[in-house]
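This report refers to the structure that appears directly beneath it.
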Amino acid sequence: MHQYLFLIPALPLAGFLLLSLGGRHLSRKIIAWIGVGSVSAAAIFTIILGLQFLQAPPPEGSYTQTLWQWMSTENFSCAINLRVDALSLVFLFIITFVGALIHIYSSAFMRHDRDYARFFASMNLFVCAMLLLVLADNLVLMYLGWEGVGLCSYLLIGFWYETPANCHAANKAFYVTRIGDTAMAIGLFLLFKELGTLNIPEILQQAPQHFTAASPNITLIALLLLAGGMGKSAQLPLQTWLPDAMAGPSPVSALIHAATMVTAGVYLIARMHVVFQLSPVAMDVTAIVGALTLFIAGCSALVQTDIKRILAYSTISQIGYMFLALGVGAWSAAIFHFFTHAFFKALLFLAAGAIIESLHHEHDIFKMGGLRKKMPLVFWTFLAGAAALAALPLISAGFFSKDQILWYAWSAGNGSPMLWFVALAGAFITAFYTTRLMIVVFWGEMKTHIGEYPGRAMTIPLVILAILSVIAGFIEWPHNMVHLTLFSDLVQKVLPATMLQDDLPEEIVFQIIAAATALFGVYTGYVFYQGNKALIEEWKQSSALMQIRNFLFKGWAFDQLYDALFVRPFKFLTRINKSDLFDKLYNGIALVSRRLNQLFSISQNGSLRWYIVGVLIGIIFILTLQLML
Amino acid sequence: MSFYNSQAVLIVAAILFVLGLIGVLTRKNIIFILISIEVMLNAAGLAFVAAGSRWGQPDGQVMFLFILAMAASEVSVGLALVMQTYHQHKTLDAEKLRALRD
Amino acid sequence: MILVWMISILLTGGLLCWLAGRRNNELVKWIALLTLLVDFVLVGNLWFQHQGVVTSGASTWFIDYKINWIPSFGISFHVAADGLSAVMLALTFFLGILSVLCSWNEITQRTGFYYFNLLWTLAGITGVFVALDLFLFYFFWEVMLVPMYFLIAIWGDKNRRYAAYKFFIFTQAGGLLMLISILTLYFIHASQTGTYSYDYFDLLNTKPEPSTAKWIMMGFMIAFVIKLPVVPFHNWLPDAHSEAPTAGSLILAGLLLKTGAYGIIRFVLPLFPQASAEIAWWAMLFGVIGIIYGAMLAFAQTDVKRLIAYTSVSHMGFVLLGIFAFREMAMQGVVMQMVTHGISTGALFVLAGMIKERLHTRDIGQMGGLWTSMPAMGGVAMVFTMASLGLPALGNFVAEFLILMGTFFVNVPFTVIATLGLVFSALYSLRLMQKVFMGPPKEEKHLKDFSTRELIIMAVLSISIVFLGLYPQPVMDMVKGVVLHLTMRS
Amino acid sequence: MPLLFYTSSVIAILATIMVITRYHPIHALLYLVVSFLAVAMIFLSLGAPFVAVLEVILYAGAIIVLLIFVVMMLNLGTDTATQEKQWLQPKVWIGPSLLALVLLSEMVILLMQGDNADMQVTPVEIKQVSISLYKEYIIALELAGFLLMAGIVGAAHIGKHKKKHLHRFLQEENLDAENKKMKQVEETVNN
């Protein structure tokens, strides 16, 4: 089977090529078949491959397929090599499976769009690039996938390019992630300089021998890679692009900006875990970045009114959890959260897309309402996703993964009570804004007339994802409950087991606190938005609170800050120098010679005697010199 | 066999040259300018011949011959030009012929 | 001998075009196209004969052809090709064919003379890439310059005179400095060995005093650096590129700039290893300045062609940076950059020309939303803007990645700053894309998408940039011998 | 012989002064002849009889004749003299003359600094001159020949009386005039 590994990325690529080259001449039906079919086929291949992998794990822990030599010079050589191990397998599964569902959904969602072919071409290209990212066995190929998904994200955010705001959002996404990518590129250079290879298995093998733990270089490498991850995964200093990226169609938000691409940073760090483990500083930074991000983004999600922006901030926040888990060394917990998050967040976005489409592209949640009765299917699926997001205990996938992270935030080797507390606060906030979202959208009275109900192609993916959002957590239970650790067993073939600190309180205490926090969050949300609505109205009168609200609404004003710090100075610099400083220099030279020409041409007045006097004075001058010397 | 002060000859040549130069500088009529140029050439030739005599070499005289040839062709071309100028512009005033101006 | 054929085919083809231009304009185009196709086949043949031959230690030259020209001054007609020349020749004829194709309908006046100039410029460029006699090199250097001047001055845009003068004065100033250096080297060689020779291999053995060598090298260096161009000397480039006809911009960006880089690699480094090592730091500094400064200027431009022109300044900064790292990897990257930049920027200029044909403006402000009416062009433009910002899987990435990684070993701060150039390149590339193809459509007027001819041009360019991005190894193997030789020496 | 030299020098200088100060061109030319003859005498006294003869024949003869012809052809007479008188104001000539005198004084000073030896006049034979002319200076001689040739051709070409260039609108009138002329000529021939 694994000799057909290349087909997994190649199928979507073929889909992309077919659609981009011939898309204009194909009917919508064929376009949908190609677009959905290629990804579905890839998903089927992945599942077969996965089953084979699970049944008969390869002795070296991975399947490898070499396609061709990419470049080779001096001591550097890298090939187009595909490699599947347990970690990539998890990602492969999510990308192709969730990807296929989203493709099915979008075949209906985008049915009226003029650029149907372009949409599926970009989506297929994205899937291909994302697959390359996780299948790459060297960092250069991974960088290819990394930038490739950035491109597709750009293309799809700006899919409705005729609205300038969408283009700005697309550009912003590209610029901000590019900053991270550049840092990552520098990290690659440094890594290559130190180790002489960019092959991932070799790096993982050689790094511990080559670097002493906590040496400055390894810290630098880890931090640079982390910066790359922060850009792609919208973590703290580089998170500003993701809320704006919601300008793209909803399936795009579901696939790229929730389930897959934004977790590339998580994948990168998990992939390079050896490098990170060697550098405690980088681990701490990762954890702190994750904790801060989850808190900051969660706070922003509290006050958003655009349904997709709420989900976007919650995505940032959930990825913050993953980073936190990575930072404390809870590798498998991070990946597990990625796994469940992919289902429920994709579900939420798809459901939100269905709502938005039914309500004539209305994004504002306060103009929705009362949809519980009108769109029961969407309501129930959304509820499943929201429960997972809020981590309702035991009945949602999100609980199992988030509970693990919360536990490890305190107990893992790098954990600390402080991190745990922030994560707990985040959990409360999450539950609160999820409840707010649910209540405002589905309860109350209807404010907008429903246009078109979602068709079957849209509801089936919702149902499948909803089921998964509930049951996906059951494959991994906390130790003290049911001893079922299918997921971590699989992932720990690649990632190290989580080290626990000694001398810890009982795990059950944390679980109860976490569960209670989530429930308390839901309760508070209920109180504010359903039980005692007057409180909010009262708060709206207070200017101080409104200022805080606006500050949070603007995403802690990071955009304004960057605008003042970087964007405006840069634009100013380029504007004043538009006509090129050096041009002035050369024009100055030209001007001087022209002036000199004018000056000397006075002497050329056509008078013969004048010229002769000139000659005479010259002779006298020379003779005088002769006499003087 | 007779003796001269070699400086004296050259000073005479210099005086003649400068006189020619003054002519060139002060006169406006092209004919006079040409005449003055002849004087200057002649003075130069005198200096050559004097130098030749001083060293007893024929080179000075040879040079005079070349100067002569040059003066002849110069004056013939120059006079042809004067004629044309006069026909076209009806003047011989060098100050009025300023086509060389920038 | 095959090299002589290449040049003389171009020269005679040019003359034929001129002659035929009096009778039949259609014929002229076919003659020009045929001429270049023949040359392309020749260079393809050369390539396949010597493919994969990595000569270590032995001579890296495939072909070496030398006859006396003016023996009393030690001038010979000495042409030779190694891997580097082969790559550059292939690029020359490839872009040459495309330049003929893209001026197919654009040029309607004095067609014969136009193709004469085009072919003669290409002949000059070919000569520059193969000449191994410094006098001959200088000769071709000028041959390349003068027809280009006419191309800009006659068939250019509104401000063409100014641009042509500027182009000519800048490059000529550099050329004259180079002539002085060539002559100095020639006389120093004569005083050391007693024989007068302009031959490359003879002059390689010349060892001028270190202080003298520095000055001689500066003469060469300034000439090449103006052509490249490097920041303080780049001002001719935006004007020339934006005013030239499409094919002119294509050749300028794709080939003429590369002669500068080629000159540095072929002449400056081997002739003055000591001196070039001494200025390496400064050269790299100027490379980095060029990367950032060019990118910032490109971001500010509102004229499409000017914008693209400034991106060339930025990209050529990488070339300078890579050359003076003296690393095999960086040098490989430099060669790749020369090839891929030729293709990608050339393609962008061709696109700009096509847009101008349709909209009759180069002002970005008057464009917008072109994707709606011209989706194919939008897609192709996307490919090349992405190439220009160094997206992996496209050729430019390979080049820039190798250069930066090679340079990282030598000078970390510069590399880091140069890598930041990647962010800037994203800024200007996406700005270009957004202003031209995205946003609300400006005009209701229906614009025609690609014609078949245009489609062929762009398809060939796109395929080659993707191919080079995914499988650059043939090019890298081709120049490996040369690069090894160079980096060993220095 | 020194006496010959000094007297002829004085004559030459005086005559030249007269040349450059005359208003009437013919007067100036006549003084020029005197000046040339005096210089010829100096040549003689320097032991260069051949050159002296050439001076008389070519300068005082041919060139002067050429100039006189031109003066006559252009009919430069008293009108020119009065005009010259107007032109030659002190403010016109004082400045240049002073400059020229500065030059003279500098030259004289330089000459006085130099070779002060009394020179022995050794007459140089014509034969010697001829030999060196045709031996060492043969190329220069040929070039002088070219120069004279060019001078002749040039003078002939320039001196040719060219038709005035007429604008095409004026050509018709001109043709009419020519036709009339032709008719007149025919008539006279017939008569």
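Here the chain labels run A, B, C and D in written order, and each chain numbers its own residues starting at 1.
Everything that follows uses one rule, which is that a contact is a pair of C-beta atoms (placed from the backbone, for glycine too) under 8 Å apart; a residue touches a chain by one contact, two chains touch by 3 or more.
Nothing here was measured: the structure is a model prediction, and the numbers come from that model.
Engineer: Using the touch rule from the top, work out which pair, B-D or A-C, shares more C-beta pairs.
Structural biologist: The greater number of contacts lies at B-D.
Engineer: If you average the Cα atoms of chain B and of chain D to get two centres, how far apart are those centres in Å?
Structural biologist: 7
Engineer: With centres defined as the mean C-alpha position, give me the chain A-chain C separation in Å.
Structural biologist: Those two chain centres are 38 Å apart.
Engineer: Rounded to the nearest whole Å, what is the centre-to-centre distance of chain C and chain D, using the mean of the C-alpha atoms as each centre?
Structural biologist: Distance between chain centres: 64 Å.
Engineer: Report, in whole Å, the distance between the mean C-alpha point of chain A and the mean C-alpha point of chain B.
Structural biologist: 93
Engineer: Of all residues in chain D, which are in touch with two or more distinct other chains?
Structural biologist: Correct list: 96, 99-100, 103, 107.
Engineer: Could you list which residues of chain A touch at least two other chains?
Structural biologist: Within chain A, the residues that touch at least two other chains are 609, 613, 616.
Engineer: Chain pairs that touch, all of them, please.
Structural biologist: A-B, A-C, A-D, B-D
Engineer: Chain D touches which residues of chain B in the complex?
Structural biologist: Its residues touching chain D are 1-12, 14-16, 18-23, 25-29, 31-32, 34-36, 38-39, 42, 45-46, 49-50, 52-54, 56-62, 64-66, 68-77, 79-84, 86-87, 92-93.
Engineer: Note which residues of chain B are touching chain A in the complex, please.
Structural biologist: Result: residues 21, 24-25, 28, 33, 94-95, 97-102 of chain B touch chain A.
Engineer: So in the complex, the part of chain C that touches chain A is made up of which residues?
Structural biologist: 166, 231-232, 234-235, 238, 296-297, 299-301, 327-329, 332, 369, 371-372, 375, 379, 382, 386, 391-393, 397-398, 401-402, 404-406, 408-409, 415-416, 419-420, 422-423, 426-427, 430-431, 434, 437-441, 470-473, 476, 480, 483
Engineer: In their complex, what parts of chain D are in touch with chain B?
Structural biologist: Listed in rising order, the residues are 1-2, 5, 9, 12-13, 16-17, 19-20, 25, 28-29, 32, 35-36, 39, 42-43, 45-48, 50-51, 54-55, 58-59, 62-63, 66-67, 70-71, 73-74, 76, 80, 83-84, 87-88, 92-93, 96-97, 99-101, 103-104, 107-108, 111-112, 114-122, 124-125, 128-129, 131-133, 137, 140, 144, 147-148, 150-152, 154-156, 158-159, 161-162.
Engineer: Which of the residues in chain D end up touching chain A in this complex?
Structural biologist: Those residues of chain D that touch chain A are 96, 99-100, 102-103, 106-107, 109-110.
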